[in-house]
Each structure stands twice: as structure tokens, then as C-alpha cells.
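Listed below are the structures to be examined.
Here chain A shows up in two complexes: once beside chain B, once beside chain C.
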Partner chain A sequence: MANNFEEEIRQLISNITEVPIEKLTLDADFFNDLNIDSLKAIEIVAAFEKKYRIIIPEQDIPKIRNLRKIIEYTVFPK
Partner chain B sequence: MKWDKEKIKSILPQREPFLFIDEVIEIDGTERVVAVKNIKLDESFFEGHFPGNPVVPGVILIEVMAQASIILYSVAKPEITASHPDYYLGKVKAEFLSPVSPGDELIIETNRVKFLDNAAITEVIVKVNNKIAVKAELVFSIQKKK
Partner chain C sequence: MITGLGVIAPNGIGKEDFWSALKEGRSGIKPVTRFDTSAFKCKLAGEIDDFQPTLFLGHKGLRDHERTARLLCSAAKLAIEDAKLKIDHDNTDDIGVCTGTTWSALWNIAQFGKELIEDGPLFTNASLFPAMVINAASSQVSIRFNIQGFNTTISTGYSSSIDALKYAIDFIRIGRIKAVLVGAVDSLSLSNFLGFYRLGFFAGINGPEVSCPFDKRRNGIILGEGAAVIIVEDEEYAKERKANIYAEVKDIGNCFDAYKMGRYEPGAKGLKESIKMAIRNSELNIADIDYIGASANSVPEQDRLETKAIKDVFGKYAYNIPVSSIKSMIGETFSAGGLFQIAASIGSMYCGFIPPTINYQEKDDDCDLDYVANKSRITRINNVLINNYGPGGSNASLVLSKYN
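Entry: the complex of A and B
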């Protein structure tokens, strides 16, 4: 069962991308499975940086390709 | 450091009558630029917007902010803009607070939110007589010419 933090992140991404929550599974690939483009990606990055007070370097963005990775990154930022 | 029209034209692909930045008057590192646009009575869009009642269209003000955003992006990412890429506006969240008319001097304050090699987000405020006329967040993409 998803925890509150996971649900919070899922909701945040869904609000930005307009991808329905039920499609935002832990391993769905943002780019290939959910058709999230570069403009949505930068909005997600900016929203996470603001909300969780982290810096996501540009070179890390291609590695954060699904919900599982973004949760890991937010909990344990580089 | 100030930029004149020639320097601006070396970065912006737009040309008259669709070039809407007259001067850059302030550059704070790679975080913020302040630009100026003087609204003249003979601007081409006033012919139809509106006859006898010239008001700057909101879409033109968006374009003003987009052009200022490209300039800030070029300051932060000169290695990307050196190849004269294409810029595509993707998303705009704007509030129009007061109308803009001929004779107004627009002060366009553009702030960096997030810049990547292929996309950018800026926050922009347009002031007239030190009062905010428009504020917006712009998301745009930067793509190499095919």
C-alpha cells in the first residue's frame, strides 16, 4: 500500500502532467509510457526543487525516469 | 551592463515589427535581466486593436516577456544560444492587471526559475510607471534547428 509521501508525490506529478493518478505507477517510464515531454519534465523538476528544497542537477534528470526514482531522489538527494 | 538593439538582435531571432525589446538595462549575473520596451503609437497591432482606442494586446505582452526570457536564457546558457536555436513557448500562466497604451514605457523584469539545455522556466513582471501591469510564468523549449 502506498504511503502518504508516495501519494503526495504522485499527486504533485499528476497535477503538473495531467497524467491520471492510476497511471502513475512506481515503474511507469515518464517519457516512454506516460509521454511526458521536456517542458513537463522541467516543470516537475522546478516543482520538486521548490517544494522539497533540493537541487536537481541537469545531468541527473535523465536518470529520474519514473515515480520510484523520483521518490528515491527526493528522500536521498545527491 | 546594457545591451543596445544590435546586441539584442544578435540573440533574438525576431525582427521588426515583431521585435519587442528596445534595450536591456540591467543584468544580474545569470539570474535576472531588466529590459525596456517603449510602446509607440505607430505599432502595427494598433491598426486593428482597436480602431480609435489603442490597447496593447495581451498576446503581445506575452511575446514581450518571452523575448526578455530568451535574453536571460542566453546570458545563462551562451553555449546553447550561440547556435541560434529555435524557441517555442510551451505554457504561460499570466495575470493582466492594467491595460497598456501608446506612450507607456514597459520595464520587463525577468527572473530565472529553472534553465536546462532544452527547456526553461522564467518569472516575469512588466511594470509601467512603477506599477505592475502584467506578471507571468513562462515555460519554453529550446530546440536545435533541423
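Entry: the complex of A and C
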């Protein structure tokens, strides 16, 4: 279950950022490693919210800097 | 001076393709494939169904480009290559971009609205928003080719192309810029197709669905799309870099009718004024004009009034000048019309032909000039008058001369 979810999100981010799936490791930092700008980050959050029908509060967004953080956030929402 | 040209048209991609299509009288109008027209009486448009932006622009970054931006950037690439214009940090501040487009990213705007209604405000994708501004397409050209002079979007409807060109040459004349990418674009989408259809402006609602300017059967437009970009340079700059010069923009006249929204001024006063201004300021005589590229688009009033304006300005001499409308082959491309007419005229000058008004079958007493019916004419062309106008009220005319 978790694996599928991880693949789904990886695909979603890959589509939006045009970064190949192989480069989207769990710990690759969006801003520092993958060169994703803030506008793209907003797009990722928006696509994520739409697909899984959850709202990510604004104050939490800066904490989500890599794929691992997104998965942790969704699996263990606070 | 015009030193480069890029064309993405319904009947040809690239200038050579476009010119040979015009010479053969080949139409780019066909059944729409992009969206479902089964609910409408009208099925045709000048759609560019074989346009592949990745061929011109690569894959990366295209995701954020809406169709209008893709068309314009592709045409810009062709024009820059055609002009052999090298853009680097030495000259980037001396080059500008001026684009005529009126609908621009209309489809994005419609998409945004649709998501807002279907998914609610919290789930509407914010990233659609930056690409919704009217100057999105023009900006993408500057970003992609790293052009740091001015960037402007002119959205005056039917006369956008020539108005954009005027803006550019005014800047060049006062010495504020050395070269400008003057482009124009409008793309086909369900939004503008539906809009014109509901206004009853299309051919096929009250008559045959055909683009037949000046013909008695004409009953409305067939919508087209596309982009064309020309490189316009200061003469000295062009000579300095040994550019190949196609033509000289002699002068442009433009004015606004201030009559009624969406109605033709009954005396075509604005168009006449524009034509007179353009010829007078070009320091040419009416006898010097070899060909008139008309704005006629198969709307009964439009074609009749353009004929009237030409006759009022040229007098009896009007009957000696060939007049034709390429909209018979590409449809009404709205903001891009004028740039396509310019591109066609350059083809006329260098390939020695006048493009025909195709689909001409029945003569109308109100339209009795020489419209180069159905077959192109082989002849030498030096000076062309190009008209751009429509029921919005904006009028513009341009005199273009072959460069010697």
C-alpha cells in the first residue's frame, strides 16, 4: 500500500517538475538538489491536495522539502 | 527593415511551406479535430493540426506554455534563425519583443474558471494563473531567447498585427531600440469558436460554410489560428551585421472608428483614413501600389466596405490594382491576420506571384474589383498596401516595399 502511494506521488512530482523518476529519491531536496522553484512547489502542493482531497496548512508547507516528508505527512497527519 | 520571418499557419509551417501553399491556392481550412463540434452547425476552422511544438522548442519547460505561447515561441525561433540574428549579452538590451494578440491564453482562463466551479476554490490549480495574463505568450519569447529590451503586448483585435508593428517601428525611429521581434498570434479553442458561433458571426449558419471573400455567397468567417513573427531592424544595424533585408516598412496609418461596439462604421471612414495616412507618409503615389492585401474575411459588410474604401481612396485607379484576401485560405486568424498578410506579401515580392482569393464563384455587384480569383498570378511586386480592420473599430494600413 505504502509503496504504491510512494510511486504515485513520485509520478505526480515527476510530471509537474519534468524531473525524471530516477532522480526523485526519498531524500532529494526539492529546492537545493532538484532545482524546483517556489511556483512549482505551489503546483505540487495544489496537485497533491486535489488528488488526495486534503488541505495542507500554509505553515506546514515549508517543512515539506522532499518526497519522504510528503509521505510522512500524509501517513501521519497531525 | 524586415530581415527575418517565421510562420506557423493553417496551410503551411515555415515560410517556404506557407508561400508554396499560397501560390498553389491551398487552403488550411478543414473539419475541427481539437474539440467536439457535433452540437454546432459549423464544423470547419483553419486549425493547425500538425503543429508539434517539441520540434521547435524541445520538451523541457513546455508544460507551462499554453498553445498561444507555443505557437508564438516556435514562430519566433524560425524568425530568429531566418534572420541569422545572434542574441547575446552584447545586444540583448537593444532587442525588443512586441506581440499582437487579443485572446492570448483565453483557454487557460476558461480552464481556471471551470476548475473553480467544478472543484471549488480550495482545489483550483494556482499554477494556471500566471499563464492566464494576456502578455504570457510574449513574455515567454523574451524568457526563452533571453531578450532584455522592451516587451509589449498589443491587443487591438483585428488590427493587432499592424498596430504592434507600428509600436516597434516608432521605437526604432526614435533610436530607443535596434531590433524588434514583431509577432502576432491567436489560437483556436472551444472558447473563441463558441463565442463567434453564438454571435452568429460564422459562415455556415445562414449560408454555405465556406471562406469566400468578396463572393456573393459570403455569409461569415471561418476561424483560423496561428502565429507569425518578423524581425524588424534599424537599417544601419541590419547593414552593420550584414543581414539579408527582405523589405522596408514604409509607413503605417491607423485610427479608431469610435462608432459602435461590434458594428462597422457605415462609410468605412476609419479604414479610408488609415489607407490615406499610410500612402501619404510613405511618400508614394497611389499608382505605385502593385497589390493590395485585403482584410476581407467573407463577412458581407466587411468585404463590401473594404471595396468601397479602396475605391474612395484610389478612384478609377482601383480597378487596375489586384486585390486579394489570403483569409480565403487561412480563415480569420484575428490578431495574427496582419502578420500573415505581411508574410504573404514578402513571398509575393520574392517569388513573383500574387496569392489568389480562392472559393470565388459568384460575382457581387458591390464588390467589383480585380480579386485575383482562384489562381495566383505571376507578376513582379514592389509595393504592397496591407489592410487590417474589423467591426471592433480599429483600423490599420501598412505600405511595404521590396528592398533594393
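Basically, the second predicted complex is superposed on the first by the 76 of 78 C-alpha atoms of A that agree within 3 Å, B and C clash if a C-alpha of one lies under 4 Å from a C-alpha of the other, contacts with A are read in each partner's own complex, and residues count from 1 in each chain.
Here, contacts are C-beta pairs under 8 Å (C-beta built on N, C-alpha and C of every residue); 3 or more make two chains touch, one makes a residue touch a chain.
This is a predicted model, so every value here is computed, not measured.
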Which of chain B and chain C A:55 touches, first, second, both or neither: second
Chain B versus chain C as contact partner of A:75, first or second or both or neither: neither
Touching partner for A:18 - first (chain B), second (chain C), both, neither: second
Which of chain B and chain C A:46 touches, first, second, both or neither: both
Touched partner set for A:38, first chain B, second chain C, both or neither: first
Chain B versus chain C as contact partner of A:26, first or second or both or neither: neither
Common interface positions of chain A, toward chain B and toward chain C: 39, 42-43, 46, 49
Chain A-facing residues of chain B, complex: 90-91, 113-114, 116-121, 139-141
Chain B-facing residues of chain A, complex: 38-39, 41-43, 45-46, 49, 58, 61
Sites on chain A touched by chain C in the complex: 16, 18, 39-40, 42-43, 46-47, 49-50, 53, 55
Contacting residues of chain C [partner chain A, same complex]: 59-61, 63, 119, 122-127, 130
